[in-house]
Structures are given as structure tokens and as C-alpha cells.
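To start, the structure under review is shown below, and the notes come after it.
Lettered A, B, C, D and E in written order, each chain numbered from 1.
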Amino acid sequence: MASVTLKQIGKSYGAVTAVEQFDLDIADGEFLVLLGPSGCGKSTTLRMIAGLESITTGDLMIGGTRVNDTDPKDRGVAMVFQNYALYPHKSVFDNMAMALKLQKMPKAEIAKRVNDVADMLGLTPYLERKPAALSGGQRQRVAIGRAIVRTPEVFLFDEPLSNLDAQLRVKMRMELQELHERLGVTSIYVTHDQVEAMTLADRIVILDRGRVAQIGTPREVYEQPATRFVASFIGSPAMNFMPAERAGTDWKITGTDLVIPGFGQLATEAAALTLGLRPEHIEVLPADTAPGDPWVFDATVKLAELLGADALLNLSVNGQPFLARVGGTDFPQAGETVRIRVDPARLHAFDPETELTVARAAQH
Amino acid sequence: MASVTLKQIGKSYGAVTAVEQFDLDIADGEFLVLLGPSGCGKSTTLRMIAGLESITTGDLMIGGTRVNDTDPKDRGVAMVFQNYALYPHKSVFDNMAMALKLQKMPKAEIAKRVNDVADMLGLTPYLERKPAALSGGQRQRVAIGRAIVRTPEVFLFDEPLSNLDAQLRVKMRMELQELHERLGVTSIYVTHDQVEAMTLADRIVILDRGRVAQIGTPREVYEQPATRFVASFIGSPAMNFMPAERAGTDWKITGTDLVIPGFGQLATEAAALTLGLRPEHIEVLPADTAPGDPWVFDATVKLAELLGADALLNLSVNGQPFLARVGGTDFPQAGETVRIRVDPARLHAFDPETELTVARAAQH
Amino acid sequence: MQKRPRYGLYAIVSLSVLISFFPIVWLILTSFKNTAGIYAWPPQYWPDPFTLDNYISIFTNSPELLRYILNSFIVGAGCTAITLLLGGLAAYALSRLRLRFAGMLMVGILAVSMFPPVSLLPSLFQNFLNLGLLNTYTGLILAHAGLFLPFSVWMLASYFATLPVEIEEAARMDGMGFVRIFLTIVLPLSWPGFVATGLIVFIFSWNEFPLSLVLMTQNAMRTAPVGISLYPGEYAFPWETISTATVLAIIPVLIITAIFQKQIVGGLTAGAGK
Amino acid sequence: MSRTMSLERRTALTGIGFVTPTILIIALILIYPIIQSVVLSFGQSSIDGSQPYQFVGLKHYAALMGDGRFWNALGVTFTFTALSIPLELGLGIGLALLMNESFKGKGLARLAVLFPWALPTALNTLIWRWMYNSDYGLFNGIALQSGLVDRPINFLGDEILAMGSMVVVAVWKTSSFMALIILAGLQSIPRDLFEAGRMDGMSKWQEFTQITLPLLKGPILVALIIRSMDALRTFELPFNLTDGGPVNATESLSLYAYKVIFDFLDFNFGAAVVVVQFLVIFAMSLIYVFALQNKD
Amino acid sequence: PAVAAAQELVLSIGSRGYGGMVERNIEAFEAANPDTSVEWLKVSDVPGDSRKLYVTGLTAKSPTPDVFAIDVIWAGEFAQRGWLEPLNDYLGEETIAAYNPSFLSAATVEDKVFAAPLYVDGTHLFYRSDLLEKYGIAVPKTWEEVISASKIVMEGEGNPQLYGFVSMWAKIEGLFMNWLSFINGNGASFFDADGNVAVNSPEAIAATQTMVDMLYEDRIVPDSILTMRPDDARTLFQQGRAVFLMVQDFVHAPLSAEDSPVAGKFDFTRNPYFEGHEDAHSTAMGGWLLAVNANSEHKEEAAKLVEYFTSYAAQLAAAIDENRAPGRTDVYAAPEMTEAALIQKFGEDYAVGVVRPSAITGSLYPRVSEVMQTEVTNALHRQKTVEEALNDAAAEVNSILGK
């Protein structure tokens, strides 16, 4: 196990900047997730750490040593690839044993280590098979096993679950979680799936077009997104956004009569704002709830859809569309009028220009 | 628009039965979803309706006419393919106009119809582009536009969204929904994504290894799954299953001391059952809730993970693992002991042999 | 929807096969005729008498034919091995190792292969003479390799482009060097591509004429096409010998093509699928 | 390798190491002789070096421009290329479509169709020359016996027929190679495009013209370049089949260059012929690439 | 038999239907010169192929082959280029004097002899003796007689597959030989007495016109003659499909072979001439010489080998066993030669032989020959009138020769 430090690491391909310089300290045993949409530079960052991609600027330290020019195999890292990248012509055993063989480890020890890992991952019955004869989940496990046998100091995962179907993905995610708890190896994990990121990560690095948008724990990025991008990327269904303009101490939602009463001092001089509200933070009240609370509004249900445990309501409040998530039993149907309450503590505000979160003077 | 009737439709490839014979009536304007895991025969069924696959047994009626031997183009159906199947060398306009051109429609009318549809789908700026120059969502829209311009009586969709990323998928799903509301064309939609199925369908046909497992509205298949397969396939995270054995009038969860008090007369003589309970139907009570209620149990939290709006708890009740879904704020942490309540009305029971749902004598 | 019986298809297939094959069939029939039969007018469509004399006489009078075939085989095999190994390495480097001039090199390699080969002969001969490569297998193998390397580099590079790069990266992470990756990962994984390229190169080499004629001047070193082309005399054209020798010389190619024809198609398919 | 060298440079060095053997062989076999040819074409020298090389600039090229036989050879080469390539392409596409169908005995049929290409040109032209023979060749035998003609057809003795005969042999031999490359492209066309076509109401023919053909552009380009390169350099075919005759009706550029070099022993002028021929081939490839790429 | 420190000689020669002779001579030579071994590098009998091989080797100054067989028409050219070793210092005066002088002249440049004659061959008129007899026709001596005899037989037989006269009129060296026979038979020649190019003399034009007329007017020649090489013509004659055949003597062997349909039904005579030119030299001569590579590392031994192959004994044996007309005159006088009736008869025809102008034109010969082949072909194809064709030929030859 080792810590990993990125000092002003950046990568360009000619004129194209794939990853802008940034700093990151990954502690020993930490599980760090790189999250972001396609093309944001996640793989590039991971591959720089792996040594598969040269580093354009900055220093990479693993366990305190600078490894910019070290061969991948000498960095003490092991990588699990998106499409497993198993050697299709070699048996499961040989796939897992390859790195050890190349290290010229004695045969007996190789066999012991591979067997131990296979045992741990439930792969013992398949050791003689070729990858083609395995199911997706089993292949994924072999890929992980191949990384484990090397007892690396750092695990790297590049979207290891994205080729699996939904059910298997959940299962493998849990296995990975357990594994990390058991081995405690520093792990860097790339994904574009926020559920994976939220459940697995100690900390999440959210990348947006090659730039770090936020680094924080899952709870931080969910509850205190640093930018509008983070707010929209995390959470499903996505946050409701609406443009608002200053109306005295209050804010009026542009194009509507809807006034959001001043909800805390905002540290901005701007005349306009983008407000954000998560669908689950809209509460549907019994229709007979008394008005008066400035945070209660009347809304029309445009569309109601059952997801299973939950339902989604497409609401219209004074012409402004809102998406709300409510329980899957006894929810209002399309056409009904309901009374909703917005939780002001949950309201987010972003600068429309910089898209950065506008802090509140009085934190909620 | 037309109704579609499948009478004992079935398909075999030589000795392999891809779809077993079944009956289905699809009403005019209905949105029917074929749902099931990979290889269950969804595409095969759809392609039989399209005319791309010959029908081994049974009759297919569209708008009351038998069309088993009618050419695809004469069935009045239009299809949207999983990977769009756009003509890569033709412009968006030409892609959409192709079917009309082949029908020898006058140029002016073609232009009018294509432009109208492009307008409706927001494709007007892209009409001159080749598909390669479009984003995934735009391509998807072109594929849909191509189907719409023909003003077919029936729309067929084969996993039209599966190649899109999560956010786009949600967006396109809503567009499809709107479109259906607007045009009201009978639609048959294949997917293996339960969220799509739940949100889009008037009725869902769930296929399991070439056999129809259940046909029903989204609510029916979610709340009253006909088989253990349906119960496990619908809902995420998946239902908790546990084997139980008869203990007098009660049922004991096999391998534990956990006794589930008799929860309604079950129409079974069997000595064993599989019980099912959805994660969202486990309620976490304040720790100081008084016991006494036979549906309240003590549980240890093994693992707690925040998904965003919700959190998942891996619980252990008397050695039996349970997955529970709770709100994302203030949920218990790993290691804590909590008190939970199971909703007996929400408990499902399946025959371990046939995997069919065991009905209750007294319906909840 | 119902499948119509496809007599038309079979008719067209049979016709294509017939057209493709009849000169060879004619050649084979000829090899079983006696001299009178060969020149008979109107032509004899079936050998009468059917005779093996030509085969017997070729083995007794021109035992060197077997030597020619062996030479062709050695040169073909050697050239195939070199083009696959070296061409494979080069293709791998050009398609995977991000060389800065990779694109230009690829185009350059293609361009030099466009030069008319007739004009290379005098200069090549001189170089080979100076290097002592005349009448050696090494020499002709090198010459053929030079002719066909551009093709193999292009074929293999386009084949590699279809392989997932992650497997090689996994191998790097496992601690393999590039040579080892090439030999133990790329080679087995691109097997169909190698087989297809190799087979095509082998056939090219087997059929190559001008260089083989000039660079192998010793009788014992000649390749089959050159050797057989020695049979026609200044004045006489011994069809019986030539047809028989040709039939014998194409048997190895026929067998190899038969064995690997699936890979030719498969390999090219993968190579072209970009 | 030094530790301090960057990863990138180490990789690049390995790459150079991998490419070097190939480049060396190509340099020895192709590049060096090509340079010699180019040098020769700008000079006057005795072939065996007994007279020193003397630079004469474009003299040989100027002479070439005024050489009727060169223009004839160029014309013959173009005619041959223009006749054989479209036929090969058409047949190649046809054969590829055929081999893409599934039917019993497909493997065997594919082998048979492939086989002409595996037969040495030097030998197969001999076979054809024999079959073309006016007085005892197979074709005339059949034609005369069946009463199609009453005088033997002089396949190789008539200007037009000789060119035609040459084209037939070329087409016979190389259509299958063309088919192979196109088949490869054919198999990479997604099947659902054809299904989309069926849903749109395309007939088989429309599928072919609207989907198959446009999508085969890439493989067709490759096939065209490879084959045109060969056709523009055709040598063994006229050499063995017609000797370039009758008169010079089938004398290709390569054959002309061969005669200049090996019969007239004029290496300098011959080199000029070859260099011009190379430029023609190169230009042709560029034209193909641009013509086919600019279409969309 | 490579014994210690042996000299290894490489001899390049085709088998040319006398492989037996080559093997025999090598064996005998090795026996006589135990220090020297000879490797026989068999080359193609197709002159173009062996020429390509020689040219590439010689321009690169390759030391092998040490000795090689060359067509008589290459000798002047190769000698001029300095590729051949002069033999005067190796062969005795006496030996050189014994060679056929007209043949030797083709290999003599600036008074030096660069190659020694191996054998001579030439064209003859083969005819179907049985058919001539059937129609009571005497063996024709002139072209006029050949044409009328052809017509009589063709008409009499009524077989559309039977032609009167066949020969090698494809655009090859053989056509040039053929044409020279024709014009010489009409009293013309390539160069006139003053050494001027005379290919368009009235006599040459008339003779050439006869060739054209045989094709289009008299119709005794098939169209396919324009693509015939020697063996094509021989095949037709052998299949009984021609009355007359004019090619080299080599065809005698296959024609008289056991399974030949015309065995015993044919004979030959000297090439025809035109009426009034009985003494014309109408037999086109060819033949092969042996030369020593100027870059050979064993010139001494090489010359010895040449000497052996062209020795009286060796040539006599070849004449008797392989019907090869000797390249030296003294062999014809040998008593054994009276036994060899055939070779004697060939020899009589060679007395009226004409050689091609290769010695005079030297390294320009290939171009000259090429021009003549092209222009005669133009005439035969009626692309040009005979007069135009031969005038063009004269002009081009003059420009090639720098006259």
C-alpha cells in the first residue's frame, strides 16, 4: 500500500489538452473515484498513473517516489480494464499467473498465490478454462484476480463494471467493496456511473472537460456541489434548474410570477442566479394543507410515472416545470392539482456566468 | 393506427425454440413493452411483427388483416433499430426521405413531410449532415424521425435507447413519451431496462427464456409479480429472497431462528416456500420503538451506502441478510443495531419448484 | 418471407466455378494426353489414350523439377517468415507505438512498392553480386521479402487496428516488454491476420518470376516457375512437359490455399473492418 | 536503456528498433535500386561503368516526350487498365456478393474461384496463349466445331482481339482477388442496414445500389489502387501472351521499358521510362483517393 | 568431381535438343583436364530469357558464367561492349582458320575473334512429299511454284483446315530471318554493294509484296501466321495441316519421330527463290557461338573448354549423333560425314546461306532488328503499304546507324 500524489499533473495531445493540471493527494488505503462524463479525461488521468500514457506536465509520486519515468511494471500498480483485457488464449490460471511468471517467481509460490486468490474470488473451478468459456461476471473476477495476485500497492480500475448487466453490476460492486475492506489497498477507480461512485468512494474527483470540478466525499458532492455541473451530474433524476432574477431581497423565477423568498444571504452581487433543487427535496403535501408558508406552492401534475419503489411527477408551478420524486404508493395522478413544499435549506444557487456555487452567508 | 394481434405466435430455429407460442392483443394506440433479459426472445418477437423474421407458427394480424406473408414495407409498420441503422452515406434528410422516395411520393410532399417531422424533433438544423456528424441523441432522433415520416400504423422499437448514456437516455425517454402522447400510434417497444419499461408502458410483456412470464400494467408487474423471475427482474435493487419452511401456521426462515408469523392463508400445501420482500418495504424504526409487534425485528447494519437521495443498508436479522432502502438523510451507519418493521402486506411468496407466485386466500 | 429454392444462385455459382477453373482443368487433362492427343485437331476433350507417360517422363528426364519445387518452397517459406516477423514488428510499431513519423513511413512504404520492378533488376543484381547473395536462398528470400514487406506491413497494421489495445496494455502492466508482447500476445491474437497475410505472401513469392530468374542463376537453385519456363525451347514448345510440370508445381499452392482459404477471407475481413 | 530516459522516448526507441529491419530490407531491395534508376535517368553512362556518369538533365525525358513508341505504350497501358479494371471490379463485386451468400459447398466454390489468382502469371499466360491459338487452340476448336464461325478467330493476331484477349486473362486471373478484398468490406456492413432498407421498402437491387455499393467505397478504393498499380505495371501478360503484338498493339509501358533496357541495353533512357511510369502510377493513386473521397 | 584446388568453370548453355552432346563433352573435357571441373548452368532455350540473364550478369561484371553460348546476332554487340574476351591469344591460328569464315565474321570485331562457332543452323523448305506426288507436282524451287503448288493441293484436298504454306511470321527475330530469305531470293539484300541500307530496293519491295499477297491474295497462308513462332508452324505441319513449312532444321527430328503423323511423308529442300534468281542466297542462317566472359577468373581454362567444344572431334560427333551442322568447315570433309546424309543435305543448303547484318550493326543490331520486325509486320498487317513500310524502315535504320 502506498499513497499517490499528483502534483500539477496534466496531459496534452499536441494542441489538445486532455487533462488540465491539478493536484491530488490520495492517502494510503483510500478508495478514490474519478467520475465524469465521457471524454472528460478520467481514463487519461488513470493511465498516466499506470504509466501507459506519458505525463506532459507535473510529477507523479507513488509511495513518496517520483515515478514519471518508471516502467508500468515497476510502479507497483495493477490495473483492471473496462473490457477485462484478459489474454484470450491463456487459461484463467495463466492469466492470473502471468505477472508473477514474468517476475521469475518460483513456480510453487505462483501456484500458491494464484490458488489463494482464486479461492477468495470463487474462481477455483474455472482455473483451467479459457476466458471465452466464462460469463461476464467471472471474467471480471479474473481481471480483478489478476490484479490482486501481484499484491500491488495501488489498484487502478477503468470502468471495470460498465460491460456488465445491471444486476451483475450491483453484485460485483459489492464484491469490490468487500475486497477493498479486506485488502485495504489504495484504489483509484474510474467510472461515469454516479451510483458506483457514490457507493464505493471514500472521496470522489469529479472531472468536467479535463478540469477538476470538485473533490470531496460522496456526501459532500451530493449535498454541497461546488458547481452547477457537479449538481447536475450527481443525482438521478437530475436536479431541477431555473433561472432567477433579483426582486428586492427575494428572487423571482425568470419568466414566471414565482417568487422565492430570500433564503439566506447570498454572497453575490449578481442580478441573476440559477437556482437548483433536487427532485427528492420537493415534498407533496396533502391537498388540504393550509397555505401561508412562503415555501408552499400549488402545482399541477403534468405526468406521473411509477418507477417501482418511487414515482416521478412532472409538475408545473406557475408555468415553471419541476420534477419531483415521491413514494411509489398513492401518488397523485396526471391532471391533479397538488400542494408542494420546497425545502429552502436544500435550495442551491449558482452563478449563471461562472456556474460556480454561490455560497450563503449563513450556512444552512 | 391499428391493433396488433398475435395468435399462438412462435418461432423456432431448427431445434431451438426462440419464442414459445403465445397470444397477445395490442390495442389501437397502446404502448406495449417487451421486457426481459438478454436472449429471452424480445427481438425475435418484434422482428416477426416487423416481417424481418419469418413466423414459425401462429397468425399475426395487423389492423385485423393477417400479414404473416406480407412484405415488411406493406405491413404499415416502422422500426427503430438499437444502433439506429442509419444509412451512413446519406444525409439526415435522405435518411428520413428514403421510404417515401421508394413509395414514389412527389418530391414536394416528401420535402414537406420530412421538414415537418424534422421540425417536430428539432432536427431542422441538421438535415444536410451525415449521421457521423451527429451526436448519439441526434442520431436516435433521426432514426425515430425516419419511422415517423412514414406515418405508420405501428411503431416498433428494438432497444432504441440502449446505446445512449444515462442522462441522454432519460431525456430521450421523455421525448418518446411525449411523442406517443402526441401521435397516439400503437407502439411495441423492446427493452431490457426495467425503468424504461415501467415509465413508458401501458402494458408490459415480460419474457423469460422464450416464454411469456407475465403480461400486465407496470403497477401489476411490480406489485403482483406472477413469478419469482418477474419479481426478481423488476425493481432495483432487487427483491430480497429467502427460503422458508412451514412451522405450524407460521413460516420459519430456513437456517435461522427467524419466524414470520402466518401472514394470510396461503393457497399451498407445500412444506417449503420462497419468500420475497422488496428493499423499500423494510422500514427502519426509531431504536426506542417498543417491540411486541410480531413484524418488528432487530437488525445489525453490516454496510450502509449513500446513493444520493436514498441509502442502501445491508442488514443482518438473526443471520439472514436483508437489503433495505431508506432515505438518504440520517440513515444508520455500519455497525449500528436498528429495529425494522416488515410490511406483511408486501410480502411475496413463491413456490420453490414452479417459481410461481403462491396466491393468498385472503387478498391484502 | 419464405425461402425460395435458390437454383439461380447455384447456377451462377457453378458458372463462376467453371470459368475460374476450366483453364486449370484443361491443363490437367492435357497432362494426361500423349503428344498426338495434345495437338489433335479437333481438340481432344478427354485424354485418349489416358496416359501417365508425361508424369513418368518428367520424373525420369527432369528430376530437377522436384528440386525447383523444393526451392520455391524454401524461398516462399523463408520470405513468408521474414515478412510476417519483421513486417509484423514494423506494423506493430507503426500502429501501436505512436511513432512520430508513422503516417509518413506508411505512405512512403506504399509509394516505393509502386515502382515498376523490371527496372530494379540490373541494380539489384549488381548489389547482390557484391554482397555475395546471388544463388543463395538468403538472397532471394531477402529480395522477395523486400518486394512483399510493404504489403504485409499494410495488411498487418490494419489488422492490429482491430485488436483491443487493452490486452497489450495489460501485458505491459504485467511486466512484459514490447518484444515479448509482440511474440506472446499480438502474434497469437492476430493469428488469422498473420495466416491470411502469410498465405498471400507465400503465393506472391511462389509466383514471382523476374527476380527469381535473375538472382538464381544456378540450375539447382531455381524456383518452380523459372524452372518450368526453361522447358520451352527456342523453337520447340513441349506442351506435354510444361502442362505436367505446371500441374505438379501448383499442387503445393493448391493444398495450402485449400487449407487456409477460410483464413484468407477471415483475415482480410478483419483487416478491412475499420 | 538509461533509467533517466522518459517513458515516451523509450517507447519511441523500441518502435524505431522494430521498424528498422523492415526499412533496411526495403532500402536494399527497393529504395536503393529506385534511387539508382532516378540517377540513371538524368545521366548518360555506360552500363558497366567503363564510361563515367555524365549528368544530362532532362535529356532523356525530353526524348521520351518525342518518342511515338512511348506514347503508344502509354496508350496501350491506359487502354488495358481502363478496360480490365472496371470489368474486374464489376466481376469482383459480383463474386464477392456471391461468396457472401451462404450455400452448400461454399468453401469449395470459394477455393475454385480463388484459384486463378494463386497460379503463377508466367505459367497461366502460357496456358491461355495455347487455348487462344488459332489453329489448334481450344477456343477455336469449340467455335469451329459448333459452327459458330467458319474461319478460325485470330485472337492474338488482331489488334482489337489481342487487347481483348489480354484483358480477358487479366480479368480471369484477378477478379477473384478483387472479390476477396470486397468480400471483406461486405462482411463489415452492419446487417441491420439491410433490414432498415427492407422496412423502407427497398428491392434487392435498390439495397445493392443504395446501401451495399456506397458502403463498399473504402474496400473498392483499396482494391482499385492495388489492381491499378498492377495493371499499370503489367509485364508478364503481354510478354508471354502477345510479345506486345500485333505490331505494338499490346506493348505496355513495362514491356517497352524492358525492351529498352534488356534488348537495346539503354539503361538511362529505360530508367526515364520507368520513372515516368512510376509518376503515372502515383498520380493515378492520388486521383483515386481524391475522386472517391470527395464524393461525400 | 571437385578434386583438390580444382578450377571450377561455369558453362552457360541451353540444352537445345543436344543435351547429350553437352554432357558428353563436359565429361570428356574433365577427363582430359583433371584440374578443372565444369558446372553446366542450363539456361532457357528462349533467347530472350537467356539474354536477360546474360545482360544483367555482364553489366554487373559478374565473373560467372565463364563460358556461355550466345546467339550469333549478339556476338558483335557483346564484343563491342567489352563483355567478351578476345580469343586470338588462346586459340591457335590454325584453330581459328578452321572455323566457318562467314560465321566467324559475325564474331569478329576489329580483327579480333570474340567467339567460336558451335553450330550452324538455317531455314529450309519442308514439304509434303506424299501430297506433291499425289497431284504430280515437282518439288518447287521458286516462290511462284510454291504458290501454285499450294493452290493445287488445297483445292484438290478441299479441306478448309489445310493450308498451303506456314512459317514464323510473328513479330520475332524469326520474322526478320524469314524476310531476309525472301528479299535475298529476289536478288536484294540488306546493305547494297556500297554498304548503304537497301531494305527498300525495288526487289525487296516486290519480295515483301509477295509475302503480303500470299496472305491476302493467294490465301495459301493462314491469318494466324502473324502470331506463329517456329513451333506453332511446325505443329501445324506435323498435324498434316500444311503443305509447306519454312523453318530451321531442328524440326526434322520431331517431324520424323515415330508418333508423328507426317513421318515418312515429308522431305525438305533449300529455301525457294524468285524466278530468275537461282543463285540467290535464300537460306537464312543462324547459329550459336561460344564465348568467354571478359571478367572470368579462369580465362585460360575457359578458352580451353571453348576449344574443346569446337574441336574437330567434338563437332564431328555432334554432327553425326545430333545432326548439328558443324561450325568448322573441315568437319564436312570427314569421311564419316558421308554416312550422315541428312547433315550433308542441310549443309548443301547452307552453301546458299545469308547471315543477318549483326556484325556490321554491332550493338545497334537489336534496334535494327526491332525496326525491321515492326515495319514488316506493319506491311503484313496492311497497316502500311509495303513501299511505305520499307521506306520508313530504311529511314529509321539509317537514323539508328547514324547515316
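In this text, a residue touches a chain if its C-beta (ideal position, glycine included) is under 8 Å from a C-beta of that chain, and two chains touch if they have at least 3 such contacts.
Note that the coordinates shown come from a computational prediction; the quantities given were computed from them, not determined experimentally.
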Chain hops separating chain E from chain A, counting only touching neighbours:
2
Chain D and chain E share contacts with C
Greatest separation from chain B - chain, by CA centre:
E
Contact tally winner between A-C and A-D is A-C
Outermost chain relative to chain A, judged by CA means, is E
If you average the CA atoms of chain C and of chain E, how far apart do the two points sit, in angstrom?
39
Can you give the whole-Å distance between the Cα centres of chain B and chain E?
92
CA centroids of chain A and chain B: separation to the nearest Å works out as 26
Between chain C and chain D, what's the gap in Å when you average each chain's C-alpha atoms?
16
Per-residue multi-chain contacts in chain B, two or more chains:
51
Counting only residues that touch at least two other chains, what does the list for chain C look like?
39-41, 121-122, 229, 232
Quick check on chain E: which residues sit in contact with 2+ other chains?
52, 55, 59-61, 232, 235, 239, 241
Which bits of chain B are touching chain A when the two form their complex?
37-38, 165-167, 170, 177, 192-195, 198-199, 218-219, 222, 234-238, 278-280, 303, 305-309, 312, 314, 325, 328
Residues on chain E engaged by chain D in the complex (per definition of touch)
48, 51-52, 55, 58-61, 77, 81-83, 160, 170-172, 222-224, 226-227, 232, 235-236, 239, 241, 363, 366-367, 370, 374, 377-378, 381, 383
Under the definition above, what is the set of chain C residues touching chain E in their complex?
34-36, 39-41, 121-122, 125-126, 129, 134, 213-214, 217-219, 229-230, 232-237
Touch list for chain D against partner chain B, complex
190, 192-193, 195-196, 198-202, 206, 210-211, 214-215, 217, 296
Flag every residue of chain D that touches chain C in the complex, lowest number first.
11-12, 14-19, 21-23, 25-26, 28-34, 36-37, 47, 95, 98-99, 101, 103, 105, 107, 109-124, 126-128, 130-131, 135-138, 141-142, 144-145, 172, 176, 180-181, 183-185, 187-188, 218-219, 222, 229, 233, 235-236, 253-254, 257-258, 261, 267, 270-271, 274, 277-278, 281-282, 285
